[in-house]
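One chain, chain A, appears in both complexes that follow, with chain B as partner in the first and chain C in the second.
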Partner chain A sequence: MKFRGKIVDIACLNHFSRVITTISKLTKTCILRLTPDNLFFVLCGKVANGGVSMWCELSQANFFDEYQMEGMNPEDNEICLEVAPENMSRALKTVQNAKVVKVKLTKKHCPCLTIVAELPTLSSVSRVVTHDIPVDVIPRRLWHEFKEPTVPDFDVSIYLPPLKTMKNVVDRMKNLSNFLVIEANLNGEMNLKIETDLVSVTTHFKDLGNPPWGDGASQGSSSSQSRDPEAMAEARVDIRRLQQFLMGQQVNPSKAMCNIVHEKVVHLILLHDDMSLQYFIPAVV
Partner chain B sequence: MCLHFSTTMPLSTQSQAQDEQYVLVASLDNARNLSNILKAISFKDHAIFSATTNGLKVTVEDSKCLQANAFIQAEIFQEFTIREDLVGFQVTLTVLLDCLNIFGGSTAPGVSTALRMCYRGYGYPLTLFLEEGGVVTVCKIKTQEPEEPIDFEFCSSNVTNKVILQSESLKEAFSELDMTSEVLQITMSPSQPYFRLSTFGNSGNAHYDYPKDSDMMELFRCTKTQINRYKMSLLKPTTKALALSCKVSVRIDNRGILSLQYMVRNDDGQICFVEYYCCPDEETDDE
Partner chain C sequence: MDCVVTGGNVKVLAKAVHSLSRIGDDLYVEPQKDGLALRSVNSSRSAYACFLFAPLFFSRYTIPSSYAFRCKMAIKSVQAVFRSLVSLEKTVEKCRIELDDQKNRLTFTLHCKHGLLKTHNLSFQDSESLQAVFDKDSCGNVFRAQPRLLVDTVVHFPPSLEEVTVSVSDDRMWVRNHVEDEAEQSKAMLTELCLAADEFDHFAVQAQNRITFCLKELRSLLVFAESTGLPISMYFDEPGSPVVLSVTDSVLEGNFVLATLSDDPNHCKDNNRRTCTQPPPPPDDFMNDDMDSYLIAMDTSIAPVPSTTGPSTSPLVASTCSKQPAAVSHRSRKRNEEEKGKEGDRTADLNRPPDKKFCSLFFGSVLPPSPQMSTQPITHQNVLASDSEDDTCME
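Now for the complex of A and B:
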């Protein structure tokens, strides 16, 4: 197994660092899958993390100037690691103005992702900073757990309002309640609701628009074509999970949307030119 | 719960018929004008609201020793309709503040949250309609039976000593006060030291004196030497109001009760008042 990548462009470095920081806000540990074309950050829904799952896909060519990898064997040309994204985020933050950043898989006292940064100097002597981030190598037999999630058979898909506005509202609602109901319809309307012994609060967003999904997706099926545009699909979620998702938003997505499977799951999607992030929050009763 | 309000309608175009069921309707173009002043008195959870044709009075109390009143005159509101002589109810202040700031309470110019506050009467929730950038939030806050606020029987005829200061000078003093002191001693006197704040903390005693002819002293009317002590823990919450204010009037009556009146200028340059009453610390009687 071999992996080494090199980032020279400062914009790419900053962007990469922002993506990692976003992920670090969502989860303490996750799986990093390296393939010849992509990097994937994966979290599967375990009870320990409240059942949320995440799938983040980066195209390596958009971040790395050089990228070489050799997987476990030619048939399974992949590397699968368990990593704490916060460690990566912290390491990348300290090398933000580096001239060159290299990321490689090394074997030190344990397997490590080693980040080597060459920092600018005034003298001729170069300054190099090395961060060793311990990782666990995931054996081949467990890889099947980290497959791309399928887009659920949702009832309603809707574009999200500006994430900043949504964050403000969710932050305040968090002060008032532990659970939030998110509901939306095919008329471009979405509501965020909380209700406690002391107060009920509903924020109404309208004219958000509903993304057109192709034939393959569930909206093309007969069930949702006949769906009443006013009818709301709703899910009650742990407000902290939604807050985490909004808190980490350092990447300015070109598209942000939300799919709701009535009373089952909220599927949030952020799309950027060179990355996509999917986040699943299970509904609670 | 069913909302008697169509969310697709802007706040301003609600029908008259809907309004008639409310005993109190108050609107503000900028919800911060209310939330800021309520923040200045938010040291306890329960706030007693009493509305008359003059405006809104909000009262918060602590341990029967401290009372804060915020006055928001009817003219501050773009609309203030009241159908009874007196409308009173009690709500949880932190909940109300979270609702008023639901959109983040941005201070950026050109961004403001419009507010319409409605109350149907006894047993009904306090309903807030908030709007910012086309997004509408409806809040229904449970109301409780209002408690009777303590009457401190503070009247100006019993005031022995009074000064009016630029808040700036008191802010300076309060930021330098030794908070390890359990009490703040206020000395007011027609002769030296005129107006003195003293603390007795871990690192020794400290006095903060104001000359009576200072630029910061707008009015000095002291008739008799009075030395009173007030619990620092009770005075601490008053600094929230001090921070917002431009002038403060400090008065002490013949029983040693302290009244602090803060003049607060809001975002639109209008004036509101926040008033604190504080009982003196009992121990001073021995001295």
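Now for the complex of A and C:
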């Protein structure tokens, strides 16, 4: 197993670091899957992390100037690691002005993802910072747990309002309740609601638009076509999970949308040129 | 005592107080002939900091000539005088520090723009002179760097990190985070930074050593050095003996003395043999790598204090470390009892009111080798380590 990547371009480094920071806000540990073309950050819905799951896909060519990897074996040409994204984020944050950043899989006192950065100095020799981030190598037999989630058979799919607006709303609601009801219909309307014994608050969003999912995308499209456009699909979620998702937003997605499976799950999707992030928040009763 | 600070020097003084406030809870003020000394020590006595402002730093500097005045006060109250550095810079034209003999108050008067006067009357306690024993000029490894270099170095380490390890070769310095035990090592991220000699203004290595010390105090000195733009010098020898960080210019000098971890049992042994006649500590794991080895030698000399009667005239050693937890002073007494046996001439000093320099407490090597003590250091450790908690609430 070998992995070595090099980032020279400052903009790429900056973007990479923002993606990792976003992920670090969502989870303490996650799985990093390296394939010849992509990097995936995966969190699968375990009870311990509140049942949320995440799937983030980066195309390596858009971030790395050099990228070499050699997987477990030619058939399974992948590397699967458990890593704390917070460590990666911290390491990358301090080297934002680096001349070059290398990311390597190394064997130190334990398996490590080593981030080496060459920092500019006034002297002839550059300053070198090395961050050794301990990782756990995931054995082949457990890989099946970290496959791409399928788009759920949703009832309603809707574009999200500007995430900053949504964050402001959710931050306020967080002070009043631990749970939030997110509901939307096929008429481009979405409501964020909290209901407690003392107070009910609803924020209404209109004209958001519903993404056109192709026939193949999900069976949901067929069921949603027959659906009454005014009928709301709703899910009650832990407000902290939604807040985490909105808080970490450092990437400006070109598209942000939300699929709701009535009373089951909220599926949030962020699309960017070279990355996509999916986040699943289970509904609670 | 009557000192007047004007212009930009007010901010320098304020920064020094802020910097000291990150070391300990008390500010020791001592107007000396060669300038005003402001000092602080942390509760575990593993870090000591001193700023000496030369008379030329002040636009007026008069000190009581008849007797030596010295006091200590809660550093928080002094910090309150200089609370907002921004407004200080904009509005304060002059700061006067004056001793009010009648009321026993130290008066800080800030002369602000538009004739506004802010007066703080601060109470104080008489105190011993606080002076750490260190000799930076004898250190083999000497470095000097612009504050920017060190600021850019520590930025790579998380704020929660307690200690860093610095190792040097002839032309390089490595700074890495110190991880306590092996179990943590597999979880903790290790960061290492390599600095080339030519990034420093001065780089002289005699012994290729590796020392570990607390990052917090270095950070607090950096705050001062960065704002004043003064280069920082670093002096050290071997693991276990203190590292000295200092800033100097023509009118002020700041020295931060930090204990280092003696990670190598052999070094520890050498140290003990040299600094005092203690036998080497038993080869217990925590003995070699525990907080005790962080402690630096403190010289808590007591000069004759005339009229004022206070705790300082108490014949007990404990008076010198009155701010310390009971456990520690108890231990220092124990240590002195031990010394009685070894060095008979000291016994006399102990039984007499301490009217002169009576002991150099090498807290770092106080661990007696007796077996019944082997359980006790754990409680001491707690006491000593708890210091960092105190400081977090300060910040």
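Rule of thumb we're sticking to: the second predicted complex is superposed on the first by the 280 of 285 C-alpha atoms of A that agree within 3 Å, B and C clash if a C-alpha of one lies under 4 Å from a C-alpha of the other, contacts with A are read in each partner's own complex, and residues count from 1 in each chain.
Quick note on the criterion: contacts are C-beta pairs under 8 Å (C-beta built on N, C-alpha and C of every residue); 3 or more make two chains touch, one makes a residue touch a chain.
Predicted, not measured: the structure shown is a model, and the values here were computed from it.
Enquirer: Looking at the superposed three-chain arrangement on chain A, would you call chain B and chain C a clash or a fit?
Expert: After superposition on chain A, which the two structures share, chain B sits beside chain C with no clash.
Enquirer: Using the touch definition from the top, say if A:R90 reaches chain B (first), chain C (second), both or neither.
Expert: The answer is second: A:R90 touches chain C but not chain B.
Enquirer: Tell me which partner A:S124 touches in the superposition: chain B (first), chain C (second), both or neither.
Expert: After superposing on A, A:S124 lies in contact with chain C but is clear of chain B.
Enquirer: With the two complexes superposed on chain A, say which partner A:N175 touches: chain B (first), chain C (second), both, or neither.
Expert: first
Enquirer: Between chain B and chain C, whom does A:K206 touch in the aligned arrangement: first, second, both, or neither?
Expert: Touch partner of A:K206: chain B, not chain C.
Enquirer: To the nearest 10 degrees, what angle do the lines from the C-alpha centre of chain A to those of chain B and chain C enclose?
Expert: It works out to roughly 60 degrees.
Enquirer: Pick one for A:L198: touches chain B only (first), chain C only (second), both, or neither.
Expert: So A:L198 only meets chain B here.
Enquirer: Return first, second, both or neither, reflecting whether A:E230 touches chain B, chain C, both chains, or no partner chain.
Expert: In the superposition, A:E230 contacts neither chain B nor chain C.
Enquirer: Looking at the overlay, does A:T165 come into contact with chain B only (first), chain C only (second), both, or neither?
Expert: A:T165 sits against chain B, while chain C stays out of touch.
Enquirer: Working from the superposed arrangement, determine the closest approach of chain B to chain C, counting only CA atoms, in whole Å.
Expert: Superposition on chain A places chain B and chain C at a least C-alpha distance of 5 Å.
Enquirer: State the interface residues of chain B toward chain A in the complex, per the touch definition above.
Expert: Its residues touching chain A are 1, 3, 7-8, 92, 94-95, 98-99, 101-104, 125, 132-142.
Enquirer: Can you list the residues on chain A that touch chain B in the complex?
Expert: 161, 165, 168-169, 171-173, 175-176, 195, 197-207
Enquirer: Give the list of chain A residues in touch with chain C in this complex.
Expert: It is residues 84, 87, 90-91, 94, 108-110, 112, 119, 121-125, 127-134 of chain A that touch chain C.
Enquirer: In the complex of these two chains, what residues of chain C are touching chain A?
Expert: Contacts found on chain C: 152, 155-156, 158, 185-196, 198-199.
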